[in-house]
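First, the structure itself, so that you have it in front of you.
Lettered A, B, C and D in written order, each chain numbered from 1.
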Amino acid sequence: MVIILKKQTEESELNRLRTWLERQNVTISVIAGEQHTLWGVVGDTSRIDTDMVESFEAVEGIRRISEPYKLASRSSRPGDTVIDIGNGVKIGGGNFTYFAGPCTIESEFQIISVAKSVKAAGAHVLRGGAFKPRTSPYTFQGMRDAGLRMLLEAKKETGLPVVTEIMDVSQIELFEDVDIIQVGARNMQNYELLKELGKISKPVFLKRGQSATYQDLLMSAEYIMAEGNPDVILCERGIRTFEPATRNTLDLASVPYLKGKTHLPVIVDPSHASGMSELVKPLAFAAAACGADGLMIEVHNNPSTALCDGPQAVLPDEFSEIVAGVEKIRNAIR
Amino acid sequence: MVIILKKQTEESELNRLRTWLERQNVTISVIAGEQHTLWGVVGDTSRIDTDMVESFEAVEGIRRISEPYKLASRSSRPGDTVIDIGNGVKIGGGNFTYFAGPCTIESEFQIISVAKSVKAAGAHVLRGGAFKPRTSPYTFQGMRDAGLRMLLEAKKETGLPVVTEIMDVSQIELFEDVDIIQVGARNMQNYELLKELGKISKPVFLKRGQSATYQDLLMSAEYIMAEGNPDVILCERGIRTFEPATRNTLDLASVPYLKGKTHLPVIVDPSHASGMSELVKPLAFAAAACGADGLMIEVHNNPSTALCDGPQAVLPDEFSEIVAGVEKIRNAIR
Amino acid sequence: MVIILKKQTEESELNRLRTWLERQNVTISVIAGEQHTLWGVVGDTSRIDTDMVESFEAVEGIRRISEPYKLASRSSRPGDTVIDIGNGVKIGGGNFTYFAGPCTIESEFQIISVAKSVKAAGAHVLRGGAFKPRTSPYTFQGMRDAGLRMLLEAKKETGLPVVTEIMDVSQIELFEDVDIIQVGARNMQNYELLKELGKISKPVFLKRGQSATYQDLLMSAEYIMAEGNPDVILCERGIRTFEPATRNTLDLASVPYLKGKTHLPVIVDPSHASGMSELVKPLAFAAAACGADGLMIEVHNNPSTALCDGPQAVLPDEFSEIVAGVEKIRNAIR
Amino acid sequence: MVIILKKQTEESELNRLRTWLERQNVTISVIAGEQHTLWGVVGDTSRIDTDMVESFEAVEGIRRISEPYKLASRSSRPGDTVIDIGNGVKIGGGNFTYFAGPCTIESEFQIISVAKSVKAAGAHVLRGGAFKPRTSPYTFQGMRDAGLRMLLEAKKETGLPVVTEIMDVSQIELFEDVDIIQVGARNMQNYELLKELGKISKPVFLKRGQSATYQDLLMSAEYIMAEGNPDVILCERGIRTFEPATRNTLDLASVPYLKGKTHLPVIVDPSHASGMSELVKPLAFAAAACGADGLMIEVHNNPSTALCDGPQAVLPDEFSEIVAGVEKIRNAIR
């Protein structure tokens, strides 16, 4: 951390800052320039509250040098995290995982038939929403507890492990038989939820918030890991930008960037990012080509009766084509 | 709502869409153009799931015409909502309310002394954080339950009503004696929390999320109102943009825009928006000049011992100057 | 185009609007809803000035249905535009073109040696900047006319066609022997320049502006095409977002989206988008996988003496690896 | 400037970087931390090309400490720049200037009548577009040379100085009798144009680009000033964000921020920022309250015949009300 000092600062203010910093177990090197005096702060700065530093009278600004995350950092663990969810399904570490299924669970029949379709097409994990975060209180909010039971029925029927979204701490116990708990983009900084998920031993699928930087995402992973749960799966699903044509802007640079900074797996969700079914295949191919550890894809099978399908869902046949193409790309760049 | 149909659509697909729409109690007018055929959908479209419409094979896109919120809409209630929180403090409807206090409650002594300072300077409501959403799990997370008790002590001591942030549904009962419950920007779309807050009879101070549109903010207010709680206070606190110099970009057009669309009060928080204490006064003046119903301002009084003060906090004397200037501006434009 | 009318509008205002619209050779269909009355405007709306429509007293808002571009639209020309720049190099229509070379031309020796390297590695077009748009007036502004001559020398030496950036109308005549004229992101809406480039018969390489939507980019292409020059090459090079880790956010959804909307070729520049050499290869692979018509990549060969190399330039060996990988990916998805 | 070095860097690479830096007349202080080694670079770093520094093998990243602009910086000139355009009109230094007039010049009658109206209402400078940057090539592009002549006629008739937009270097000579030359948002980084405007002695009204940071704006001012023209007027007119309700997001924090960093005047354009006439007055008030040096406001007088009025134009009466309110606010906060 480099601290830029204000020009005319009283000695007493400098001393106050110096004393405070030294109590944080860091050391200070001074660089006196013509325009600014800088303090280089050396040591473990990850626990230093930068807002606190900036509130000192003497401080004009700070520049972070080290990353504020530790457990999520690749420097703390050079090898990739590999998450084994049983049934031969491993996530990360060179494995490529397909998470597929409907946006929303609507009936036992529906979720089981989509589960069979996606399993046949090569999916490793079944996704399906029971608790649904909807922008409007007047639209379908998911089948909730009943939906979870249907999802677990589909798991039993097909053997596919399942991932589904949690929306509140109070729901955790309902997720006991769920294999992976998803935290949606809107809850990426719901820190009370993250802390509770850090106390259980179940992988967490953490979606990037719509206005979250890479660092914000890693800090949210750090919240989970700091409580003891090392199994976090990161998911790029698009950020909010000025472009109105797509629902969000899929930021694929996140994939190689994050994989350089962290040992955690990085999955891409091209369905929610684009909001358009015709963009799912090309973006899935792109994600695989730039090194993602897997894809989360929305698949429906009978749009005519769907209660909450999105315009981004693809049919099982299209999903098969995506899997086939992705496998060819992965072979090509191996 | 206007639905744009795909060019070569089979009759059966059109029928399927028409049947579905008619079941939603709306009527359809057809406009056949050279390039596109449009369906104008007339009736109460607020309950129609637009994702669902877009997932129909026949649909190329939709354009919303009516607002998707109802209870929050000014058309549902032409007069301003005025929220009486006792002690002579009313919010909205031409009143101007100052919410002031420290970022974080640190001790009984601290919160009581800041409370006295801000009360003397003209504040109507004391703010102070007990549960703190921090980006890093390694920085101070607030005094939590103990902090709440200190805040209520300060309320007793000064008579000021209090507002403080909730972070999880499970905390609601702890907020029994709190006058206004704040939902922070990161939880603006934590719908489970919003629904629970809709079931109690206590005003909710709802901060705009960093990537939330005006409509998203109003839809989150609608979540609370749809459950039965009409007392929602909206707060503009800056959005995330590409500009790195300020923490967020304060979007003051939100004030006149929202006040045109909704009867709910609109408060501005210039402290968190800018992240720089020297910008608080000019932005507070600007907020008052464009019609805000009040200000939320971070005030500290002894920065040298603060545990989590932000670089955006002002001293009580500066807060007094802000109040004095704002009152002059309000008189000027009355 | 759908026009939303204000609720209480006087008949005379409606007549004024109706008369004006009818003069534009369009017809109007009325849809009267409970909350709004809509006018569906049918006919060639591409020449209607939407700002003008919105300025009528009677109008609350408008929603565009048809695209405002015509010549650039795929509906005006279903087959892909293929641009033949001689020497067997064709751009678009299933061809994949590599544009490679240094950020800045520094000496005849440098540009010729990089040209030889990239040609050997598979490049089809040599890029190199003579006129350089730099954020600071105090940094190297390019070798300008002399740089252009060196670039043409490199063309003569290697047979590679060349592309280089123009910054002002007055420079057009200097570009006579240049094969493709590049318009940089900062000049994407320099309409005087676009119009002049529309009057010459030389392909234009048009980079997306940092805050340009897909539609803005196509409208800038339309400016060139409307003047008579059909040979426009679009280039995605990243947009400005809140993410600070990368220079810009490469928006790869633009590739399949644009290719659906237009017949023009779409090239991706992963070098400028990311600003980091280690991200160039994965993003180049991703661009190829999602259907780009080519890549523009910054290649340097002797960083130790460079005057203005960017942190995003790769070495010739890395460029060779990129070409090899991209060809495998293209074969895989063919 | 602080340079962050890569961890395992060969001595020869460090030497190469050190030699290069020393040639730039700066000195280096080394801070060796556990995780990173930093070099603090002291001296005049404004001429150092940061892209160049980042391209060195040894460099992991840099953090700028000093501002890269010099002539525009308040530290180079503590007092405010005051620009005297004759006729008693001064801009900056505590003066408050109203720039008003129609979007587009349409006829001599129109511009003269609007000029008279706005003069009567208190305007100091007449604005009006002759060369119009329009997104579509098919909409009215302005009256160009003829429009300029009409504007000068209005100047003669009313005595009001005039400001109008330039779109290309080749137009400069046409602007001889124009008092202030405007550079629009789309041309803010048209560096060839900025350099030429730096060579003449006429104030330049420089609008912030839609994706330009404060620093980008100041660097564009620096381009003009570095060529010898000190009279630059900055204009905040909104930036592009994800919010679709307003045309752009007016960023009023720019006003106090820029006024802290530079001695140049800062004007606010609430008309183009919002794109909605009902937002112009509240945003104008807000701009005055936070310390702007003036306002640019679009005023029309006969919307029924306008060729290119925007939905953001106000009538002369509304402009009068804005002036009256702004004067009261300025008195209130004096």
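Assorted remarks:
Keep in mind that, in the parts below, contacts are C-beta pairs under 8 Å (C-beta built on N, C-alpha and C of every residue); 3 or more make two chains touch, one makes a residue touch a chain.
Quantities reported herein were computed from a predicted structural model and do not represent experimental measurements.
Among the remaining chains, those touching subunit A and also subunit D are B, C. Least step count on the touch graph, subunit A to subunit C: 1. Pairs B-C and C-D differ in how many C-beta pairs touch across them, and the larger number is found at C-D. Among the other chains, B has the CA centre that is most remote from the centre of subunit C.
Subunit B and subunit D have CA centres that are 32 Å apart.
Separation between the centroids of subunit C and subunit D, computed from CA atoms only, is 26 Å. Subunit B and subunit C have centres, each the mean of its CA atoms, that are 39 Å apart.
For subunit A, the set of residues that touch two or more other chains comprises 211, 239-242, 244.
The part of subunit A that touches subunit B in the complex is made up of residues 16, 46-47, 49, 51-52, 54-57, 59, 68, 131, 133-141, 167-171, 186-187, 189-193, 195, 209-211, 216, 219, 222-223, 226-227, 239-240, 300, 303-304, 306-311, 313.
The part of subunit C that touches subunit B in the complex is made up of residues 2, 4, 29, 31-36, 38, 40, 42-44, 63, 65-66, 75, 240-242, 244. Residues 211, 213-215, 239, 241-246, 249-253, 255-257, 260, 273-274, 276, 278-279, 282-283, 285-291, 325, 328-329, 331-333 of subunit C are the ones touching subunit A in the complex.
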